[in-house]
Structures are given as structure tokens and as C-alpha cells.
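In C-alpha cells below, several structures.
One chain, subunit A, appears in both complexes that follow, with subunit B as partner in the first and subunit C in the second.
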Partner chain A sequence: MLDAQAPEESAAGEPSAVPEAGSAGREALRGQGRIFEVFRQERKGQPFQHAGTVDAPDERFAEIYAREQYGRRQESVALWVVPREAVTEIDEFPDEFEMKYRRVDGYSIKARLHEARERAGTLDMAPGGDAAA
Partner chain B sequence: MSKRTDLLLAMADDELILGWRNSEWTGIAPFLEEDVAFSSIAQNEIGHARALYELAAAELGTTADELAFDREPEEYRSAPLVELRRLEWARTIARHWLYETADQIRLHALKASDDEAIAGLAAKMDREEAYHRIHAEMWVDRLLATEEGGARLNDAVDELWPYALGVLDDELRPELRARVEERLGRKLPEVAPVPRGVHEAELQDLWNEMTVVRRSAPPGSQW
Partner chain C sequence: MDTKTAEFLEYVQAGGQVETGDWMPDEYRSRLIKFIEMHANSELMGVLPERDWILRAPTLQRKLALTAKIQDEVGHAQLIYRVVEDLGKPRGACLDDLVSGKAKFHNVFHYPTHTWGDVGVIAWLVDAAAIVSQKALLKCSYAPYARIMKKICWEESFHILHGRDVILTLVTGTDEQFALVQEALDRWWEPLMHFHGNPIPAEEDPMVVWRIKSQANEEARQQFLEGYVPQIRELGLEIPDRALLKDDETGAWLYTEPDWEKLRAVVTGHGPASAERLAFRRLSREHVAWVERVVLAEAA
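Showing the complex of A and B:
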């Protein structure tokens, strides 16, 4: 995207040392190409968790860089290395009607239980001493 | 000094000095990810050196630290290939690749050794060196993919070729030649190897820096 308007952008404060407008030129200059998301598994059977990213020219470099950054201290038994563009992000969740009953954790009855115990004067009999609730 | 100790020290010194040279890229590599990866590889080499020194130290009745840091520069058994200071990326990659290729041939021979300790350590090192080789091969591909990169790599290989031959004993050299020629798709000149035993001038500067802390402390200091 930057490449299309490289000359104007240079004038607008881009470092003027950028040699060629072509993307290959920029890539070579920065020595990087794509962002890869790295997930690591700490022990066999455990879920993979996001570890961070590597910035690499291609998959082969990404694999080596991920190995060196997230695996060399025996902190992982396996890694997933995924090009960022392969990840679909969903970040909009409309909840116009506050349909909390659909949540897997169900209704929150903690506050209502507390009120009921207060009314009945049995607050101190609650399991584990409900005083903090 | 036994032939065994001599072999262990030659390999250990190669790994220590190359690790040291490669670590000179820490903080100034072409880009950050490569900086991390190359520094990590450098550290692995120094780790290999330590394991090799320990085997030699057990035989000589000394310690790995004393072998690594308390000898005079001329006592090192490193190959001149690893001593050269070539802070230029194509040469660094050429040396890295030539060394890893030679080292693989050497380790392969040692894995078949009757000496269990040496064969075991060679196998262990080889499992880690495998990733150094992947890294080196990947860069060779990357440089060969463009005209300028290919020209620079080939020039660097030409310059370093006599040194690369010097890493190995006579009987292993033909295999190194065959592999390098096949990879580059061309014949390499018949040249006299630059053997172990003579040192490059740059080793003195490296040694001065490498041992400066060690030499600054009174003998027998505990760290």
C-alpha cells in the first residue's frame, strides 16, 4: 500500500533512504516480509497458547525464528506458526437485548442470595462465612 | 597430548572461536529476528565448546574454563576459517554454511567412533547442529535467489574455500568439496588448504577481548 505513493510519502516524512519504490526493494531493505503468529504448547496435552509473533521473509525463516525465540529454552514442546493473514479476527458481538441467560455460567444468584440471607437474619450461617459476599 | 585430546581441543576451539565471531553480530544483524536467531546459534556453539572442553579437561586434569580462557593465543587449535573477522553478511553466511557443512562431515565420522564419550557427544551436538544447518541452507537459498546475492555468496565462498578445506583432515576433504560443488553447481579450484596450527592475525585481537575479564582478576578468583 505504501509503495503506490512512495515519492509523495518520502516528501511527507518517510525516510528518504528508501531506494526502490518496488515492494521487493523495501522488503530487502527491512529484511522482513510477513508477520507470523506463534502459539506454543508448554506440555503435551495442554492447549496451545499465543506466545507472540515473528517477523520473517517467508515460512522457512519464520520457522527458524520461532524455534529460536519460543523453543530454545525448552519452554515449549510444540509450536504452531501461522501467517497472520490466515487468522480471521472477529471482534464485534452485539448484545442489544442483554440476553445474559444464554451465558454458560447462567444467572448470577450471589447478590440475591445475600439479600435473602440478610432478610432471614442468617447471614453468619452461610457456608464459609458469607460476610464478604 | 594424546590424539584424542588434540581432536577435542581442535573441535572445542573451532566452536568457541566461531561462536565468538558470530556473536559479534549481536545487536547489528540485518534485522531484529535474525539478530536473535544468529545470537542464539552463536551461544549454542559456545555451549558445544564447553562440553568438548569438559571431556578434554577430564583427561588433562584441568577445567573447561582454564582451557577456554587461560591458554596463550598460539596454543589454540582452531582452524583459521573461524578466526577470520569478516563482518560482512555474505561472508558471514558463507563461512557459517561452509563450517556447518564441514562440521557435519566431521561429526558424522565421529558418531561412528569407538570412543563412546566422543561418539555420544558428537551425536548430541549433531542434533542441535541440524538446526544451524537449516538456518545456513535457508540463507544460501535466499542469497542464491538473486543475482547480487548469488554473486556475493560465490565471491565469499571463493575467498574462504582454502580455509574451509583446512577445517577437516585430509581424508574428509573430498566429501566437503563434493557437497559444496554440488550445492553451488560449479567446480571449485584446487587449492592448498589453510591448515590448523597457523593462526590468523585477527585471533590475537579476539583473544585480548575474550580473556580481558579473566586476566584482570587475581589468580584463583572465585566468581
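Showing the complex of A and C:
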């Protein structure tokens, strides 16, 4: 069916001879199109979120298909259509040194705060109470 | 089960999400492909019963609404086949298996339509049954599928409203129009009861075990009945199952046990309209093949 060499029996609307695709064309035929990732923005100010993919031979078609799939009913204020190969995924974040001093969860002030309040005699003033640590 | 698979199973059962590039057990991947492929096939085949009615729809507004619904369904099919492709099965192979009868699609699309009443019943009740399942799929462990389900559910809600509007117009019209709906309901009740599949317990349903489905078949059916039996009855329509009633104690709906063998026969291609619909799909695929060739050759 995808053999560009063999002219089909004529059906309504078919060109009389299928132009012979070059080798690049034949590659495209075999692999169908290219994959484009579509990101949509629901309302102005919202982040763009991944909505799905379209399969298109080039950018022109990708835009048309993305508009059809994700913009037919004014459901998005904007779309980003990006060829898949342009997206670099990073999903490993080694934390060998556990540099907690740079994060909120790297500090535990409960014990020291209790000690300070004890010293100042203000345990009963603590909002919500301060039971012994 | 090896350790890696066991860990994966634990992960998805705890609500973990899986992306396209992640490692997944072969069984998970193949079950996912089969399930999602069936959904894509159903969206594509589901277009055919309605497409028949565009030229016969009673008003211009109905023609436009039906056309928009069909456009949505085909769009859904494309999105869903894309998800299957990313899992490793090319779209061409899916379509080959569909037209050869190797792959399945939902039972309801193996039945013919006889009147405009059918069109209303399909758009309202069949879509309602589908949306019960689709809402549960929003929690699918495979994230790319769960994400496109959001868009699909959003569009299906217009379909149901359109269907209900058609039904309401008919049941508030002439006696003949009312009778059209009742007659269609009489024929469609059995396929509707079949739709969610036979009542496998959740623990025995591999699709639920892998968290591809988050809802057992019977749970889905009960949800459908709970939501829609009152809506059907309040229109003065009769549901063709004398045994259909709600157990006040348990809150569960009781009904005449559907013939599950018949369901199996239908989805394996022996439904009243299966052969005709697949033949049409085969033919239309052959007829448009030249478009694909020309478009891809030009873009190269």
C-alpha cells in the first residue's frame, strides 16, 4: 500500500501517476511522520502543561493538527508545539552530599527553641503550647 | 515474579505513575497496549453508526452537532493511537489488526442503527456508560494515557448533553417520536448491560491489579445504573428488564443476568453489524492510502 513504485488502480480523486518519492521520501513513508509534543496554556498566567502528541510530516502540518486537537473550541489561550527531539528530559538528580543546610528540611529548631523558652521562662507563652521536646 | 516486577507492581498499586521512557514489565506493557488499542479502535469504529445519520438528521443543528461529535471521536482515536505507538506498536499495525478482525472494539459498535431514536440513545446512554469507565481511567497508572483522558472526558460531556437533548426533544414530541425512543431503548438495553464487561472481581482482574483500570467492571455498571436508571424512568420510558430494581438494603442494583457468552461472540466479530463495519473500515483505508503517500512524499 505504501509502495510508491506501483501505481494504484484509479479511484475517485486519485492522481493518474504517483510521483516517485526520493529516498528521503521513502524513509518518511516507512516511518510515518515526526512526533511533536503539544503543551497548552489554559488561561493567561497559567503554566503550559503537556497535553499530548501529534504525528505530522512537518511543522506546518504539526501546527494544523495541534490546532485541531487542542484549539478547536477555544479551550486553550496558547499552545507550544515542539518536535520531540527538541525536548531533553532530565530525571536523575544525584544528592551525594545531602547538602541539607540549603533546604528548609535541613533545620530542626524544635529542641533548641524549647530550651530557649525554658531558660526565659516563657514556655506558657508559646502559641499552641510547648510540650517538652 | 522477579524482584523488579514485584517492586513495580507495588509501586503502581501504591498510586505510582509510569511515563513512556520508564522501565515496565513486559506483561504490563502488553496489557496496556491491548487495552489502549481497543479504546482507540472503539473511538474509530464508534464513528460509523453515527456517520450514517448526518445526511438523515432532522435539522441543520443536529447535523452540525453530529458532525462535531464525529470529529471529536476521530480526534480521540488519533490521540489514543499515538499513545499506543509510544508504547511500541505502530499505528499501521493497529489498523491492520482492526480490519483483519484480530483486534477488538467495544460491543456497542457491532450493532446497527435503525432510527433517529437509536442516534439519541447512543449519544446519551452509550456515551454515559463510556464516561463512567473513562472517568475511572483518569487514575490510570500509565500517565500519558491518563493525561489524554482529561481532554477526552471533557469532550464526551458535550456528546452526552447532545444525546440527552435529542432524546428530550423526541419524548416531548408526538406519540410516534416517543415510541421511536422506547423502541430504540428496547434494543439497546442488552448491549448497554454488556458494555462494562462481565463481573470479574477486582482482585482477579489483571487490569485492576496493574492499576490500568481503577474500577472493577461491576462497580462501573452499578455506577451507570445508579446515575441513569432514574433519568430514563423519569421520562416515562420503560426499561426492558422486569428484574431491574434497587435493593434498598445494600443499595445495589439487581437485574437479569446478561448473557456473557453473547458478549464474547459479539466482540470477537459476530455482532449483527460487525462484518459490515469492518468491511467499510477496510475500504476507506484503501481509498485514502494515496493521501498518506502524497502528503508524506511532499513533506520529505
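In the analysis below, the second predicted complex is superposed on the first by the 69 of 133 C-alpha atoms of A that agree within 3 Å, B and C clash if a C-alpha of one lies under 4 Å from a C-alpha of the other, contacts with A are read in each partner's own complex, and residues count from 1 in each chain.
One rule holds in what follows: a contact is a pair of C-beta atoms (placed from the backbone, for glycine too) under 8 Å apart; a residue touches a chain by one contact, two chains touch by 3 or more.
Source: prediction; values computed, not measured.
In the superposed model, A:33 lies in contact with subunit C only, and not with subunit B. Touch criterion not met for A:109: it reaches neither subunit B nor subunit C.
In the superposition on chain A, A:68 contacts both subunit B and subunit C. In the superposition on chain A, A:50 makes contact with subunit C only, while subunit B stays out of contact range. Applying the stated contact rule after C-alpha superposition, one finds that A:89 touches subunit C and leaves subunit B untouched.
Taking subunit A as the reference chain, the count of touched residues is higher for C when subunit B and subunit C are set side by side. Across the two superposed structures, the residue set of subunit A contacted by subunit B and also by subunit C is 32, 54-55, 57, 61, 68-69, 72.
Within the complex formed with subunit A, the residues of subunit B that make contact are 30-34, 36-37, 40-41, 131, 134-135, 138, 142.
On the subunit A side of its complex with subunit B, the touching residues are 30-32, 54-57, 60-61, 64-65, 67-69, 72. On the side of subunit C, the complex with subunit A involves touching residues 21, 71, 75, 78-79, 82, 85-86, 90-92, 144, 147-148, 151, 154, 286-287, 289-290, 292-300.
Contact residues on subunit A toward subunit C in their complex (touch as defined above): 1-2, 4, 8, 11, 14-15, 18-19, 21-22, 24-29, 32-33, 35, 50-55, 57-58, 61, 68-70, 72, 75, 89.
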